[in-house]
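Take a look at these structures.
Two complexes come next, and they have one chain in common, chain A, joined by chain B in the first and chain C in the second.
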Partner chain A sequence: MEVGKCLKRVDAFDKVTGRAKYTDDMCPKHAYVTRILHSTIAHGRVLSIDTSEAEKIEGVVKVLTCFDVPDIPFPTAGHPWTTVPAHQDVADRKLLNEHVRHYGDEVAAVVAEDYVAADRAIRALKVEYEEYPFVIDPIEAAKEGAPVIHPERQDNNILAHSDIRIGNYQEAIKEPGLIKVEGWYYTPTVQHAHIENHICYAYQEQGGRMTVVTSTQIPHIVRRVVAQALGWSWGKVRIIKPYVGGGFGNKQDALYEPLCAWLSLQVGGHPVKLDVSREETFVNNRVRHAMPCHIISWVRPDGTFAARKFELWSDQGAYASHGHSVAGKALGSYPQIYPCDNIEADAWTVYTNKPTAGAMRAYGMPQATFHNECHVEEIVTKLNLDPVEFRRKNSMPVGYYDDFSKNELYHDSFNDCLDKAIELIDYDRKFELYKNQTGPVRRGIGTSLFWYNTAVWPISIETSSCRMIMNQDGSIQLMTGETEIGQGCDTVFAQMAADTVGLKVEDVHVVTNQDTDVTPYGAGAYASRQTYVGGFAIKQTGELLKEKILGHAHTLTRMPVDILDIVEGNIVRKTDNRVLMSLGELATKILYDFELSEHMAAESTYSVKSNAYSFGVSIAEVEVDIPLCKVELLNIVNVHDCGILINPPLAEAQVHGGMSMGIGFGLYEELLVDKKTGRVLNDNLLDYKLCTTMDHPDLMVDFAENPEPTSPFGTKALGEPPACSPAPAIRNAILHATGVAINSLPINPHKLFAAFTEAGLFETL
Partner chain B sequence: MYDINHIYEAKSVEDAVRLRMEQPQATIIAGGSDLLISIRAGDLAGCDLISIYMIDELRGVSLDDDGTIRIGSLTSFAALTKDDIIQKHVPVLGEAADKVGGPQIRNIGTIGGNTCNGVTSADTASTLMAYDAIIELTGSEGKRLVPIEEFYLGAKRVDLRPDEIQSAILIRPESYQGYEGYYYKYAMRGAMDIATSGCSVNVKLSEDKKTIVDARICYGVAGPIPMRTRSAEQAVKGLPVSKETVEAFAAGALQDVNPRTSWRATKEFRLHIQGELARRCLTESINRAGGVWS
Partner chain C sequence: MSEKQFKTINFTLNGKRVSTSVDVRESLSDMLRDDFGLTSVKKGCEVGECGACTVLVNGEVFASCIFLAIWVDGKDVLTVEGLVDVDGNISDIQQAFIDETAVQCGFCTPGFIMSAEHLLRTGKRYTRDELRKELSGNMCRCTGYQNIINAVEKAMNARLAKAGKE
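Here is the complex of A and B:
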C-alpha cells in the first residue's frame, strides 16, 4: 500500500535542482512584454488618454487603451460554469476600464520589446479623468446616497444579501434570565502573497487558435473565461499550466489571461508576456474580503445558547470576482459550529472603491472563525466559564447533520482534536499558571475551534476526470483535471493510482503540466477539494484500467479473472500468490501482438455528489510585553481531523503553511487604504508586514485520523482548514494574558497600544 | 530590467574622484540595495552610475595608531558584525548592523551606503551618532573630516560634495573607551523590516560602577535624521545608577524627540515606544557596563 506512507514528493528532485519549469522559464525570448497603466484616482471616468508621446518611444510596439477593448463585460471568478443564468458569476468588468472603480484600476497597456521601453511609455501616457466621489467602507457603501460604483447594476452597491432564519429569534430572547453578550468583530483586507507573482504569456497558432501559458490554479475555467472575454468559441482557446509557485486562491480567478490573449491578438498573434509586479499583485489581483461582523448572543447562565443574531458585512472592492459566495460560506458556518435553536443571520456583500476581493485560502472561514471564536470567549469571560469546557459542551455534537450539504459529524472529532492539542501544548497546567498575573510581561493561552467543508457540492458541480495510459514497461501515465500548485497533489494522486491499479508508486508518472487540449476536465485547485474529489475519479479510472489488464491477463494466462490480481506491478494468482507475469511483459505483448494489439488506457469522469466535514483546533501560547506593545508567540498547535492521511509529511507541511498564514492574519498583515485618496499605502513586502521565520515558533501539528466514510480513501479537506483557527486562538491567548479583548485584526503593536491605553493598563504597571 | 544608461566602474579612490568630476550627472552606487530600489521605482530612470563596489581598499575595519577605529565605507553589515575590532571595542555597532534586513542584504549592503543614503531609520546610523563618529570624505583636494551630526543635513540630504566619495567612518578612542552600549530596533516583525523607531544608548560609569559619568543616546525615526536627545544625556550625568535615573533619562529624551503621525505609526505610539526604549537601552547599557544599582 502506498497510501498512508511518508513518500517523497514526485516533484521534489526537479524543484530542488531548479529543473522544474515555471511559466517564465517557458516563455520564448522573443516575446513582447507588457506594462499596464493604473489609474491615479479611486473613482471616475477616463475622458481621454494621449498616447502620442508613448508611441514615439523606441521599442514600443503598441499602446492600447480602455477605448480600444471589446465592449464585453466578463466574469473572472474561478467557479465552474453553470447553465443556470441566475447562478452565473457577475460579469462587471472589461479588459481595461473606462469607468475607473478603484485607485490603480487598469486603463491602458503598452506592448513593447523590453521593459525599459514599456516603462518609459507608461510614464509618457497622459490621462484626463473626470472624478467621482468614492467610498471605501462597506457599511457606508451600502447606505442610501453612497457613490454608486456599478450604475449599470440596479443594486446600490449591494452585490448580494442572504440570510438564515432558524426558529424564532424575537420570541426566544424573551425567555427570562437570559444574559445578552454583544460585540463587533473585524477582520482586515489581506493578500495571498504567494511567491510567484501571477504571470502568463499568450500567442496564436494553428490557424488562429489562442494559447495562453499561465500560472493558474484553474486551467479549464480560465479557458472558458478567456473565450468569454474575447467573445470566442471555447474550443479555440488552449490553456497550458506549468509548475506554479503558489496561489492560495488568488490564481483561482482569471486575472490577466484574457487581457494577455487580447494584447497578443492586437500584435498579430505574436507572443506577449504579462509578468505582474508585487505592487500589482497587492492592488490589481485579489485580496481577502475584509469583514466586520456584529453578533448578539442570548445565553442561559449555564452557558447554553437561547438565541443568536449575526450581521455580516463583506467588503467586495471594485469588481464582483467571487462575490457573495465568500460571505455566504462565512454566514453558513455560524449556526453549524455552535448550533442554536433560534438564529437570525444576515450577510451583505458590498462593492467599495478598493482592490477586488476574491478567493483566499479558507474562503470566508478565517473571518467567520475569528468573529465567532472571539464572541464565544466573551461569553466564557462574562459568565466565568471554562473556555475548553464551554467548547466541548456547545460545539457541533456527534451525529450532527446538515440538511443542505448532507454532511454529518460521524466521529467525536472536536474532543479528539482538543484532547491531543491540550496534551501537546501542556494546556491545563499553563492555563492555571497564567491566571491573575501582574507585571509588565505576561503570558496567556487561548483556544479556537473550526469546521470546514470539503469541496463545494451542492453549490456547484464537483466533477473530476482522470486518464491512465499504460506504457509497454507496465508503468502508467496519470493525468487528472486537478492542478498541482505546490501543495503536493501530484504525489498523493500517484499514491492513490498505485494502490488502485496495483503498481509501485514509482511506476506512476504524473503528467504535471496541464494543457486543456489534452488534460481531462477538472475544476482545479480550490475549496480543499482535490484530494477528496480527485480520489473518486482516480479510484474509478484505476479500476477500469485494472479490469482491462486482468481481462488480457486471463487471455494470456488462461486463469479465471477472479483469481487474478495486480500486486506491485505483477499479475499474481491469488490462490497461491504466484507471480504469473509482470505488467511490463503483459503490456508489451498486448500492444505488439498481431491479434490482440491494444494501447491500454482508461478514462472516466466522476461527479461527486457528497461533501465532508473537516475539523480542527488551534491552541496558542503568547507572551505579551505590555510596555513595548509586543506579542511573542511562544507555542502554537493545530490538530486536524481531515480523515486518513494520504502522505503524512505532506499533510503536516500543509498545516505548517496554513498556520503561518493564520499567524500573519492574527498578528501582522493588513492592506491599508488611504482614506483621502483610496490609494493602497503598503503595496509591497516591506510595508505589508508578512511575518518572517523569526516571528514563528516551532509549529506543532497533529491529527485525529477518523476515516471519512464517503471518500474511497477516507480523506477530506486539509488544504485551507489550517488557516482558520490560529488567529482567534492567539487573540484569546492575549485576552488570557492581559484581560484585554481585542476584536480587530491584526493585533499588531498599534492596536495593542490603543487597547492598552484605553484599558488603562500602562498606569497599573 | 533596470533603466540604467551607463555604468562607470571606478578602480581606486582616485579613479572614483576623477569620475565624479568628469561625470557630474552620475550617481554613486555601492552595494545598490537602496539605489536599485529607486531605479526600479522609476525615480532615476535613464541614470548614469559610478560604481565604487570594486574598490577593495574601502573594505574592512582597522585600528589607527592613536586608537581610532577606521571603518572602510564599503564594509558590509555582515563583515562589520564579524569583525574582531568591532566586537572588542564597539560590539553594539556590530549588533546594530546585524539587525539590518536579512542575510542577503547584510552581505551586499554597506555602512557607507547606510549613512550616505541620509535616512533616519538606517540601523547603523543611530549607533554611529551615539558614538560621535567622524565621516571621512575623499575629494579632489584630499580628505575632509566631518562629525556625523553635521554630515546629516536633512532627510535624504548629506554633506557630500560633487567631487567626493565617503571613504571611511572613524570612531575616536575617547568616544568608545570605557563605554558600553545597547541598540534596540523597534520594528513590526523580527527581520526584513525598517525600524518604527531605533534607539542606541551608551554609558560610561564611575570606577565603583555606581554613578553615570557620561551617557549618550541617539534615536532613529524620531525626526527627519538620526537624533541625539541631549536633554536626556544632561539629565543623568553624575546621577547614581538607579530606577529614578532611568526615568529621568526617558523624560529627558521625550522633551527632545519630535515624531510625526504618518500612516506607518501615530505620534502618540512613537512617543510611548521612544520613552520605553530609552529606559530599556539605558538599563541594558548599565548592566553591560557592570553597573551597581541602588
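Here is the complex of A and C:
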C-alpha cells in the first residue's frame, strides 16, 4: 500500500534544483511585453485617452484603450459553468473599462518590445476622467443614496442577498429567562500573496487558435472564460498550466488571461506576455472579502442556544468575481457548527469601489469562524461557562445530518480534535494558571473550532476526469484535470493510482502540466476538493485499466481473471501468489503483438454526488505586554479531522502553511484603502505585513484520522481548513490574558492601545 | 537614459568563467534568467522584498533583482544550479529540503536554499531563533516556514558534524 506512506514529493527534486518550469520560464524570448494603465480615480468614467505621444515611443508596438475592447461583459469566477442562466456567474466587466470602478482599474494597455518602452508609453498616456463619488464601506454602499457602481445592474450595489431561516426566531426569543448576547465582529481585506505573481502569455497558432500559458489553478475554466471574453467558440482556445508558484484562490479566477489573449490578437497573434507586478497583485487581482458581522444570540442559563440572528455584509469590491457564493458559504456555516432550532441569518454581498474580492483559502470561513468563535467566547464569558465545555456541548453532534448537502457527521470529530489539542498544548494546566493575572505582562490561552465543507456539490457539479496510459515497461502516465499548485496533489494522486492499479509508486508518472487540448476535464484546485473528488476519478479509472490488464493477462497466461491480481507491477496468481509475468512483459507483448496490439489506456469521468464535513480546532497561547500593546504568540496547535491521511508529512505541511496564513490574518495583515482617494496604501510586501520566519513560533499539528466513509480513500478537505481557526483562537487567548475582547482583525498594537485604553487597563497596572 | 548601452563583463558563474555583453540597466536576475537560462532565479517582487531571487555574489547574499548585472564583473556568482555537482548529485541542503518536506509550490525554494547555503558556509552553529532571524529576508506563503527551518537546522547539524564541530 502506498496510500498512508510518508513519501517524498514527486516534484521536490525539480523544485530544489530550479528545473521545475513555471510560466515565465517557458515564455519565448521574442514575446512582446505588456504594461497596463491603471486609473488614478476610484470611480468615474474615462472621457478620452490621448495615445499620440505614447505611440511615437520607439519599441512600442500598440497602444490599446478601453474604447478599443469588444463590448462583451464577461464573468471571471473560477466556478464550473452552469447551463442554468440564473445560476451563471455575473458578467460585469470588460477587458478594459471605460466605467472605472476602483482606484487602479484597467483603462489601457501598451504592448511593446521591452519594458522600458512600455513604461515610457504608459507615462505618456493622457487620460481625461469624469469623476463620480465613491464608497468603500459595504454597509454604506448598501444604503439608499450610495454611489451606484454598476448602474446597468439596477441592484443598488447589492450583488446578492442570501438568507437562512430555521424555526421561528421572533417567537423563540420570547422564551422566559433567556440571556441576550450581542456583538459586532469585523474581518479585513487581505491578499493571497503567493510568491509567484500571476503571469500569462498568449499566442496564436494552428490556423488561428489561441493558446494561453498561464499561472492558474483552473485551466479548463479559464479556457471557457477566455473564449467568452473574446466572443469565440470554446474549442479554439487552449490553456497550458505549467508549475504554479502558489495560488490560494487568487488564481481560481480568470485574472489577465482574457486581456492577454486579446492583446495577442491585436498584434497578429504574436506572443504577448502579461507579467503582473507585486503591486498589481495586491490591487488588480483578487482579495479576501472584508466582512462585518452582527450577531445576536439568545442563550439559556444552562448554556444552550434558544435562537440566533446573523447579519453579514460581504465587501465585494468593484467586480462580481466569486460574488455571493463566498458570503453564502460563510452564512451556511453559522447554523451548522453550533446547530440551533431558531435561526435568522442574512448576508448581503455589496459592491464597493475597492479591489475585487474573490476566492481566498477557505472561502469565507476564516471570516465566519472569527465572527462565530468570538461571539461564542462572549457568551462563555458572560455566563461564566467553561470555553471548551461550551464548545463540546453545543457543537455539531455525532449523527448530525444536513438535508441540503446530504452530509453527516459520522464520528465524534470535534471532541477527538479537542482532546488531542488540549493534551498537546497542555491546555488545562495553562488555563488555570493564567486565570486572575495582574501586572503588565500576562498570558492567556484560547480555543476556536472550525467547520468546513469539502468540495462544492450540490451547489455546483463536482466532476473530475482521469486518464491512465500504460507504457511498455509496465509504468503508467497519470493525467487528471486537477492541478498541482504546491499542495502536493501530484504526489498523493500517484499514491492513489499505484494502489488502485497495483503498481509501485515510482511507476506512476504524473503529468503535472495541464493542457486543455489533451488533459481530461477537471475543475481544478479549489474548495479543498482535489484529493476527495480526484480520488473518485482515479479509483474508477484505475479499476478500468486494471480490468483491461487482467483481460490481457488471461489471454497470455490462460488463467481465469478472477484468480489474477496485480501486485507491485506483477501479474500474480492469487491462489498460490506466484508471479506469472511482470506488467512490463505484458504491456510490451500486447502492444507489439500482431493479433492483440493495443495501446493500453483507460479514461473516465466521475461525477461526485456527495460531500464531506471537515473539522478541527486551534488552541493558541499568547503573552501580552500591556504597556507596549504587543502580542507574542507563544504556542499554537491545530488538530484536524480530514479523514485518512494519504501522505502524512505532506498533510502536516499543508496545515503549517494554513496556520501561518491564519496567524497573519489574526495579528498582522490588512490591505489598507485610503478613505480620501480609494487608493490602496500598502500594495507591497514591505508595507503589507506577511508573516516571516520571525513572526510566529514553531507550529504544532496533529490529526484525528477518522475515515470518511463516502471517499474511496477515506479522505476529505485539508487544503483550506488550517487557515480558519488560528485568528479567533489568538483573539480568545488575548481575552483570557487581559479580559479585553478585540472584535476586529488584525489585532495590532493600534487596536490594542485603543481597546486597553477604553477598558481602563493601563490604570490598573 | 534613452539609448541602450552595453558593457562586456567577465565573471565566474557556478564555477565556470563566463563572458557576456549586457545592457548596463539590466538587473542580475534578468541577466541570469535571460542570458544564462538559470530558471532557479525567481522574481516575486523585483524590489528586493521577497527573497525569491537570492543568489550569492562572492559568497554574500544578494537579492539579484535589485543588483545590477554589471556589478558582478570580475566576481563569483552562485545560484542553485551551481549546488549540483557534475554528475547531477544535489547538495546536502537541497536534499534536506526534500527530506523535510520543506518544498511546496517551490517558488521561494531556490532563494531560500541560497540564503541557507550562505549560513552553512559560515561554519557557525546557529540556534533555531538565530536561523529564523537570518532567514527572515526570504518569504514563503506555503510552508509556514516550519519545515524550512527544520531542513536548514538538519543540514547545518550534519555539516558541522562532518567538520568535526559536533
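One rule holds in what follows: the second predicted complex is superposed on the first by the 765 of 765 C-alpha atoms of A that agree within 3 Å, B and C clash if a C-alpha of one lies under 4 Å from a C-alpha of the other, contacts with A are read in each partner's own complex, and residues count from 1 in each chain.
The definition used in the following text is that a contact is a pair of C-beta atoms (placed from the backbone, for glycine too) under 8 Å apart; a residue touches a chain by one contact, two chains touch by 3 or more.
It should be emphasised that the depicted structure is a prediction, and the values quoted were computed from it without experimental measurement.
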Can A:Asp92 be said to touch chain B (first), chain C (second), both, or neither?
neither
Should A:Glu652 be classified as contacting the first partner (chain B), the second (chain C), both, or neither?
second
For A:Asp674, using the defined touch cut-off, is the partner it touches chain B, chain C, both, or neither? Pick first, second, both or neither.
first
Which partner does A:Thr692 reach: the first (chain B), the second (chain C), both, or neither?
both
Considering only the touch criterion stated at the top, classify A:Glu482 as touching first (chain B), second (chain C), both, or neither.
neither
Which holds for A:Glu311: it touches chain B only (first), chain C only (second), both, or neither?
neither
Quick check for you: in the superposed arrangement, does A:Asn748 touch first (chain B), second (chain C), both or neither?
first
With the two complexes superposed on chain A, say which partner A:Glu621 touches: chain B (first), chain C (second), both, or neither.
neither
Using the superposition described at the top, determine whether chain B or chain C touches more residues of chain A.
C
Can you list the residues of chain A that touch chain B in one structure and chain C in the other?
116, 685-686, 690-694
Chain B-touching residues of chain A, taken from the complex the two chains share:
114-116, 119-120, 123, 627-629, 668, 672, 674, 681, 685-687, 689-695, 748-750, 753-754, 757, 762
Residues of chain C that touch chain A when the two form their complex
25, 33-34, 38-47, 49-50, 52, 79-81, 84, 90, 94-95, 97-99, 101, 103-110, 113, 128, 131-133, 135-149
In the complex of these two chains, what residues of chain B are touching chain A?
1-3, 42, 45, 102, 186, 188-194, 196, 263-266, 268-269, 272-273, 276, 280
Residue ranges of chain A touching chain C (in the complex, touch as defined)
8-9, 11-22, 24-25, 29, 116, 192-197, 243-246, 248, 277-278, 485-488, 649-650, 652-653, 656-661, 684-686, 690-694, 696, 698-699
